[in-house]
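Below are two complexes that have chain A in common, paired first with chain B and then with chain C.
== the complex of A and B ==
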């Protein structure tokens, strides 16, 4: 490692936060209002599977073609992995996650209360209005658990902390070419935003040393989540370097920030202001344009769309995205993986062959 | 036999192939064996045997490909089978096109550019459907030799539709068809149609266009060739040694240094 990164685990963070007297909310992917949770006294810790947890127990509640994030997260919960959290938040990111919210609430009925957040599928004024109402409803549900209705000072403190962390994330991407870090290190820090307290994230992101990043064939990564992190070691060994991303667990959550006003309205504006995204029903042309611009700015020679199997929002877009980008002379590779904690030989061969074509 | 300038090894999932080429890229010698569980020793043994076939020469540079490429000792480089197949086809035929390679446990469609480089490609997933294993498995179930499958498919006067391309589900369908007295050759013809349908669909994802080239062990099956021509409306071209294409491409890459 070019930096001596020390990033705690999710379990360590949960223990530390709870020892400090704060509540923990387990949050499923991937758009949700961090400042709202914080203002109500909750620290969000995201659950992306986790990879490697067997599908068996969760699989009893879903069709065989339900994605790994939903099934493995349900297995994780049934195995006691979420014991001790104070709430489970399931945003309506896709039909599978909406189904998970219903299954947990109606059938599994875990001890922590299950909260939902219905995210609109577009960005019209009426969607904004709907989301404001949803955020108020979520806030009321959180207040019912914590007994804490945020005062203006609580909102102010929450926005100050979370805005600083969002700025640090945006800054991390902006400084990317001037950081002496491997892809693995970069994404270790990016993904620590999923569970570190905002202040710790700002400190970690700021600790990365300036310098030249390692070389390699520049590629852009799109999709949901780059699991396992070994992916970056493999890409590096293949002679590639990730210079930009459009990952749900990454760049798609660099939101524009707003100052002042009603907190729910402010949060709704923020959540609906991110880059084009398949879970928001954005037109393919908008997504293709965004990807072309990102690739052009970063000098990426090809795009790897890296998805968990059966990820419907992603799969709907892939054929047309591929067509748009190929027409613009940008090679695209789509790989689907199971979140088992390791990569299959077929996946590695696809990636390596793609890198070979880009040389 | 002398003049070997490079060796290519294709450590595939079903067969392990080694070839030697001279400095012009002409194929001098080759060996092919069913893949052993101890692939590392097998590849080393095959290289030694091939070098022995070539006479008293300095062992030439080796490039390895195939799923077991990391296990080939002494390889100067390891290159994916996608790139090696593209290079092998281009070296053998002198042009690009759409290559469909149907191996023992994987199938791939590769669009090859004018310089012999892969432009786009698609591969099957972990599932064995659409691969040689699909035919091999069902041939075993039907009690028919693999080499007889193609001729019997072409000679069938009827065709039983096999709706599933999953090897396991197809076997269930075959059992049902046998149970109701369906003609064996009609079943075999249906199996070929099922495999070809899947392969052609995969090839279309990379922009299926002429010339259409077929390689891999399944390229030796005349039933698959004929049905691919029927499904695509294109003539199927075979390289001189369809099963050795990957290893030949690896040898050419070794030759280039």
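== the complex of A and C ==
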């Protein structure tokens, strides 16, 4: 076990990056072009809530039926959690994040500028062409803040660093069965990609000790974000082990790498190349097939879909995923949680009962 | 058999029967008189023709399979292309609203929920999925689609919903993705993106329809759609008159043809007739609310299952809801339509509905409507089912109060699921709101 695993906090990273003279962009979930930000001199630090931040301030702008990530992220911003960042990037992931980008830009108007990125809902040539142009537009907005247009050498350096980190993330998943780490430790490292500089992430991912992982009933985790991380401790105590994931904060962002060519084209190809994803308009059957293949390869006996409340892109897929996977003998449990920092007894009981059925 | 059914059930028997029913309805409407005990004027007579048109549409739908290619489309989608190819078009959202207005939605939502669909997803989607799963619908039967056309300019929800439909029916799903407008004007790459997607509908739809696309016919249909939308806008603008000859609830009721049958000559003719009837009301000094004391703007979708009681309740207190951002959405884009440049102009049209524009632009639009319609207040329906329309309303309400000085109420409900509507809570909030209007 890697009990010595030491991962800095987001605040520590922000301070360190800024001390080194780089700008910081707070980024909302979940597809965005890291190399573009880096080439323009920005370091992305992702905001997934964060869990535990009260909804109060965010609740002054959004109704009770609004996604927890959006409400808590707004609270976090209004409490000064994003003070000092140079930009806030809100990718257009769903209607809730659309609302957040719009309300921040039009009404809250925080000190750092609010940038948006429209992500196309399909993967046709026309979507690719649009995304290339949209990334150029985002680049121009970043350049307007930083006063810096990347030179070819900046792009080269940015791609070199971010490709290495993306490769390290993909490699981490590939080596999953040969790492002597708990699920909590594994996902602590996976999720450190949300805020660590690429070089630090590569080093951290490479530091995990080889060996046999702990045993347990193999399950796959899908959904948005596995928060709180205590989830993994609970699953472990129940005798389960997460052997694969389809999390928005996890494997959905293992993109294929491209070499050379126009940087924006390269980034668009990468962003559109990820696995099936409900926010991208992929057919549900394709998503089910992907999940089935992943579960088969990892030996997962069941799927836990783990979502924050009011997540429409996820909710629509659940009945058909359940049907498609059940037909293949793979049971599905859907759990909705509030990002409060702890899990309710009801959620734990449902998880425990599900794990029991998989033994 | 299907052609025979279409001929007998729709053309030979159905349409004449509906005509007969319309005449009966018109006689009944003619016999209605206003009186001091009635806060609302009798409904506009044109409603009988509207019922005939919409019933005829759904009746044809029962017999459409095998006779005409059938497409299910979202309410913000570009149907002009499909009409050019002879498609029979069904709008699941309109069907869901109809189920809501006829108080059938809750049961259908529960059917969908029993199948695993969460109560937190859009109640239009749940209503329609419930109808799909149970086969129950107040319109008899919906034809199976040969093509699904989904445009994201009203929400992303429709894409999640249509993916479920595509899985269920196994037919092609064509997407028109419309980048959300954070700024006031679309960027050139956004217009080009939508235009190309509109053009790409053509070969898929041609294949399904089995006939070639005619540019000339398309231009004519866009011209008719433009004319109908302009007439619809004129109708809505008549509510600037004091007293207003119509209410927003009337507009919700008369919305069906502009959503479902836009581009057909009968729709343009129908709205011309409605406009003439409204003008006669104005000339006679008749207001839709007998004693119009306060004029109010409505934001967001209607509460379909409470339209009647709510309009009566408000009218009894002298409140006329004279305009709505929702009904305006099908008229305000008419000036952007250009039959001479159909693809380019339709790309701009389909990028520009109020639901695809930022919260700040929506506030701007509402402020303009408060002025244009001399509104004394605004009711913002905080619609649990429609996140893109509702998120931003808290700040919009504050903006309206601060910038226009009129009271604004956030009314919690749901457009189609009555379980998310509390009669008592709504009544007490509305009472307080009406008192503020008087203050």
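Descriptive notes on the structure:
Here is the rule we go by: the second predicted complex is superposed on the first by the 356 of 359 C-alpha atoms of A that agree within 3 Å, B and C clash if a C-alpha of one lies under 4 Å from a C-alpha of the other, contacts with A are read in each partner's own complex, and residues count from 1 in each chain.
The definition used in the following text is that a contact is a pair of C-beta atoms (placed from the backbone, for glycine too) under 8 Å apart; a residue touches a chain by one contact, two chains touch by 3 or more.
From a predicted model like this one, the values you see are computed outputs, not experimental measurements.
Contacts of A:356 after superposition: chain B is touched, whereas chain C is not reached. By the touch criterion defined above, A:161 reaches neither chain B nor chain C.
Which of chain B and chain C touches more residues of chain A: that partner is C.
In the superposition on chain A, A:345 makes contact with chain B only, not with chain C. Of the two partner chains placed around the shared chain by superposition, chain B is the only one that A:331 touches, whereas chain C remains out of contact.
Once the two complexes are overlaid on the shared chain, A:320 sits against chain C while remaining clear of chain B. By the document's definition of touching, neither partner reaches A:141: not chain B, not chain C.
In the superposition on chain A, A:272 makes contact with neither chain B nor chain C.
In the superposition on the C-alpha atoms of chain A, the part of chain A touched by chain B in one complex and by chain C in the other spans residues 336. Residues of chain B touching chain A in their complex: 67, 79-83, 106, 117-121, 123, 125-126. The residues of chain A lying in touch with chain C in their complex are 60-63, 65-66, 92, 94-96, 98-103, 105-108, 116, 118, 120-122, 124, 126-127, 129-130, 133-134, 137, 278-279, 281-285, 309-310, 312-313, 315-320, 322, 336.
The touching residues of chain A, when paired with chain B in their complex, are 326, 331, 336, 344-346, 349-350, 352-353, 356-357. On chain C, the positions that touch chain A within their shared complex are 115-118, 120-122, 125, 152, 155-157, 159-161, 163-164, 166-167, 173, 175, 177, 179-180, 182, 187, 189-190, 192-193, 196-197, 200, 358-361, 363, 382, 384, 387-388, 390-395, 399, 412.
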